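Both complexes below contain chain A, partnered by chain B and then by chain C.
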Partner chain A sequence: MAGTANSLNPESQAAAHAARQTELRKRSSGRLMIFGFLSPTLAILLFMVAYPIFSLIYYSFFNFSALRQATMKPVGFNNYKFLLSDPDLWERFIFTGKFVFICVTLQMLIGIFVGYQMQKNFRGRDVIFTLLMMPMMLSPVVVGFLWRYMLNSEWGVINFLVSSAGFAKVDWLGQTNPALWAAAAADTWMWTPFIVLLATAAFRGIPETIYEAAEVDGASPAYRFFRITLPMSAPVLFIALILRLIDSFKQYDLFVALTGGGPGSSTETVSFSVAKTAFSYFYTGEASALAVILLVIIIGLSMILVRHLTKMGEKY
Partner chain B sequence: MAEITLKNLSVRFGAFNAVDDVSLTVKNGEFVVYLGPSGCGKTTTLRCIAGLVKASSGDVLFDGVRVNELSASERNIAMVFQFVSLYPHLSIKENIVFPLKARGVAKAQIARKLDWVTEIFKLGDELARYPSALPPGARQKVALARAVIREPAVLLLDEPLSAIDEQFREEMRWELGHLQRQLGVTTIYVTHDQREAMSLADRIVLMNNSRIVQVSEPDRMFFEPIDVFAGQFIGSPSMNLIDLAPVEGGLKLGDGDVTLTALRDRLPAWALSSKRPLKLGVRPLNVHLTDDADGVAIPVDDVFSVGRERFFSFRIGDTIHQGVDKRRSPSSSGGSVHFDPAGLLFFDAATGRRVDAEVAA
Partner chain C sequence: MTHSKTSSIDLATRWLVLGLLALYTVYNVGPIFWLLLSSFKGRMDFFTMPPKLFFTPDLSGYQAVFGVGAAKDSASAVGVFDSLVNSVIVSVAGTSLAVFFGTLAGYVCSRFNFIGKGDFMFFVLSTRMLPPVAVLVFYHLMFARLGLADTRTGLVLVSIFANVGLATWIMKGFFDGVPKEVEQIAIVNGYTRMYAFLKLVLPMVKGGIAATAGFCFIFAWNEFAFASILTTTQAKTLPVKISAASGATGIEWTQICAAGVVLIIPVLIFFYLIRKHLLMGMTFGVLGRR
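Entry: the complex of A and B
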């Protein structure tokens, strides 16, 4: 083997590859052209993302109401101090956290399970697949109302089933914990298909010979699933997880339609709180500060996850 | 170790007969190579032995026990695939020990076996790397290490070298042959490369159109092909095939005007007197250029060198044939064609089967 080791050396191959890349980079004449191609996108990003974010940060340091624009008073970090010492806000975060945890856990577990079934070829697969995708295409507000009707304590179909089964009717949306689970169920109903979609694609991307090799190697179906299927689709599943985590953390419109934040304000998410502060009470400065806090948390969360994802990708 | 028996094995995919009534016994420790053109059923046969494809009819027996209903993981086989099938998310080490871990082998034993195969395949430096960092040749070596670490009863190899660089392939071929003899494991190897088959096999199973054409040792396969297909598939460059027609005083070659009178004394009498139309098969190796008069006056088309060998081509009718020029001085390109009488094979023109004195009689 030693004789040919040099010509097949991966390091020398990598070096050749790097040299070719530098050559290519040199040839494309200048950063100006690169910038030229990027500029339209950059311009859109600047106006659509950077400007709102910076004005958000700016307003968060003022005692300011959008209704009375004249009376804008700089207050430094007072908005933040007030918010972070407000026990109500901590309750919102705890509620949001519970909601995110339940939603993401349910969606990933069910999504992976259904996705694994959907990767197999069977009759009617395409029809079932299309049907499965339907909840995802609805607006969250529609989903909220749909579930609200189904969960109605007097005439909703769910309580009808509950009482038919011999149990007492439940006031689903009138109590905090049942309302939390009801919202999580609605979100899961709506967004599990998204996980199914990505998981199926990821599972189907694994070459058949890999499974055949594993079977020959004596791996049981469960061993194959946990040692081959899951790890090999981990990067895709992880992206799905990040997206669902961020999205459910921001959940707002579903709650508007389903619970309206109630009973009381016990099912208000942080986003709900931002919207209420900004557009019901018109405490624009305070709402901005809260939005900034939410933004920082989401960016922080994403960065940790994306870094993990990159590490995952470096291996193969 | 195991003896494998195929009994009237057939595999059908819809209306297509991928494997058609194949029977064969592979002896304990034997190295058998399935050889044939693409789509001849050799890989399907192998996958059927592996348990990855179900037999439509017939039986697969390991040591006399029918295994048709056993899954691949229950058959105690190991397999190396044509295209790399390493687990990309696992390191080389994890890839190699996968079959042991999957079967729940004790850690200490796994470590011992890993040392053993690492030593055989000289993979010590690669263990921590990932498959994508290795060139294709080294990946197949890992796949082979993964296959033998379990010391399977049967080793199945599906064109394991075809995706590897030429130079590395040669080396792997030698190592593979050496390894097989060292381990003594019953091995079935599938390839379309007759050189691989000739150099590795104890016995070659030649397949064509879903059926077995001939089963024999490489030498016999070469010198005593059962029919025109076997004769032409084995050997490179390919065997010349020339129509023969009996004429007054000899055999007429092809549709040209060359009569094989000069060779008459050396031709078997039965061939000369045969009533059935024959074809003459002669390998380029057995066709020479000669300056003597005992050759046949056939115009030589071209002489060309391939490394140390000098080939020449000649024409009978419209068909171009090849021979090897063995004369010392390469400059003399003229001369007449000499057929080595020992290398003449006769085939029935109608059936393509080889005929010899007994058959013709």
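Entry: the complex of A and C
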């Protein structure tokens, strides 16, 4: 009853009207802000990502070369059929898989180990920490050349150390398996600091009281590490793992500078293969199909990552 | 007795840990030291076996990179300094625009709920994961048609796209750290949302904007794949230029090492300046905000 009486009062009606107007204006200004603030980012990403990806999918159904753009023959799924039945491509995938596995395993193990030591406070920690981060700051192409130079079989410093230790010199970059390990060593050199950075932060984020409680219960250092440290930092370590998986899977720059894909084509990653098909052979249609396959894999991995990140973003 | 036994095991573990750490430090720092040392080695000292630790420093690599001194006129040094200029222009322009757009988008993502927000956020971040060579297959055609091939404008465009997603996520993280009450109080007091954003919220994330810019700059500065395929002569950046640094006598190692040192210096400075936000930048603004 009181409400009805109030709404009959012209003064309060005007006030309510004004309030509604402000509310509406606020909401529409909010909408304007959302639109205005998002549109530059959205525009550039649509133009630079969505449009190229749709074009890639389109070209992947054509026999098409960038050199002869006038002739475009639709071939249906033939590009995909050809690629998936091509033993060479499977070799690229196997090589990429081996490379990713070695890199990610080494980086996680070393990174967690070093990170566990770096969480402690000691004198000169900041300086050492910054020094340890340096490989990550280099351009991947510089890293590739630096390792190629150090690994040179004739005058490289690594073979100098190998031969001073009494072993025979190794032709690191001239043979398939040593080249794989050389590339993994270079990638691990560059990216272990990244794991160290994340692991250290994760370890330092674990409340001291939990360790103290474990201390009271007489827990061994191994128990502390495997039952407290690792599980409690698992979400952060998982982010690190997925990021390294994605980045090493699409690795391209390093191989351009370090091995050039050789010897033969034995150290070509899938990314490298896309570039070679598109920019050396100019089989644009086939390269598009291969790019689409690569994208599907990367997008799958990214979705896992983003879901995890969003969950963490809500929690912290 | 048991006590002395455990402590000797402890001691052994401790030495093992220290040994492994020392080994890792050599692995980690050694190549950097070697890069620095080699950047001063002239051709005579470069290929000696055993490798020389002491030699007369040769500045030809640095002279080529900075376009000064005697070495700047050698055949292999032509255009190296220009590529350094290109690198600076492209990274600074690309970073500024990416951070500008990313700040706006990050603010909206932090403060508003809108239809398709989750999809937008995923789409934005996925651009950071994108294998460059995949989109390059099409960029190669697109840039030629639009007349952007081998231009700095084209590279700036690429640099914006490659970093705006990262910038959006990091800035969202920084905006999330600012209490929502800031705007609420401002609006209650009769100010507009825009005013609250510009005059109140933005100054509170100044440090965040600087850190985001630092990150974007590092990625833009070191970028290789896009620049190597989309440039031919005029717009080459320094990483691309040195990858083709072959003279009459093969690869110009001194030049490559000197360029490597020159390339790392600004990154080192930025790393130091944004060291508090390192974790945040590396996890897309999700971790490490305080």
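Here, the second predicted complex is superposed on the first by the 258 of 316 C-alpha atoms of A that agree within 3 Å, B and C clash if a C-alpha of one lies under 4 Å from a C-alpha of the other, contacts with A are read in each partner's own complex, and residues count from 1 in each chain.
Everything below uses one rule, namely that contacts are C-beta pairs under 8 Å (C-beta built on N, C-alpha and C of every residue); 3 or more make two chains touch, one makes a residue touch a chain.
This structure is a prediction, so every number in the text was calculated from the model and none was measured.
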Residue contacts with chain A in the superposition, chain B compared against chain C: C
Contacts of A:I299 with chain B and chain C, given as first, second, both or neither: second
First, second, both or neither for A:V216, with chain B first and chain C second: first
First, second, both or neither for A:P40, with chain B first and chain C second: second
First, second, both or neither for A:Y283, with chain B first and chain C second: neither
Chain B versus chain C as contact partner of A:P231, first or second or both or neither: first
First (chain B), second (chain C), both or neither touched by A:F95: neither
Contacts of A:P207 with chain B and chain C, given as first, second, both or neither: first
Intersection of the chain A residues that touch chain B with those that touch chain C: 316
Residues of chain A touching chain B in the complex: 1, 3-4, 7-10, 13, 207, 209-210, 212-220, 223, 227-228, 231-232, 234, 315-316
Residues of chain A touching chain C in the complex: 26, 29-30, 33-34, 36-38, 40-42, 44-45, 48-49, 52-53, 55-56, 59, 66, 69, 110, 113-114, 117, 130-135, 137-142, 145-147, 149-150, 154-155, 157, 160, 164, 189, 192-194, 197-198, 201, 236, 239, 246, 250, 252-253, 256-257, 271-272, 274-275, 278-279, 284, 287-288, 291-292, 294-295, 298-299, 301-303, 305-306, 309-310, 312-313, 316
Complex contact set, residues of chain C against chain A: 17, 20-21, 24-25, 27-29, 31-32, 34-35, 38, 46-51, 101-102, 104-105, 107-108, 112, 114, 118, 120-127, 129-142, 157-158, 160-161, 164-165, 168, 173, 176, 187, 192-194, 197, 218, 221-222, 224-225, 228-229, 239-240, 242-243, 251, 253, 256-257, 259-260, 263-264, 267-268, 271-272, 275, 278-279, 282-284, 286-289
Chain A-touching residues of chain B, taken from the complex the two chains share: 50, 52, 71-73, 77-79, 81, 83, 85-90, 98-99, 102-103, 122, 130-135, 137-138, 141, 143, 146, 150, 165, 167-168, 171, 175
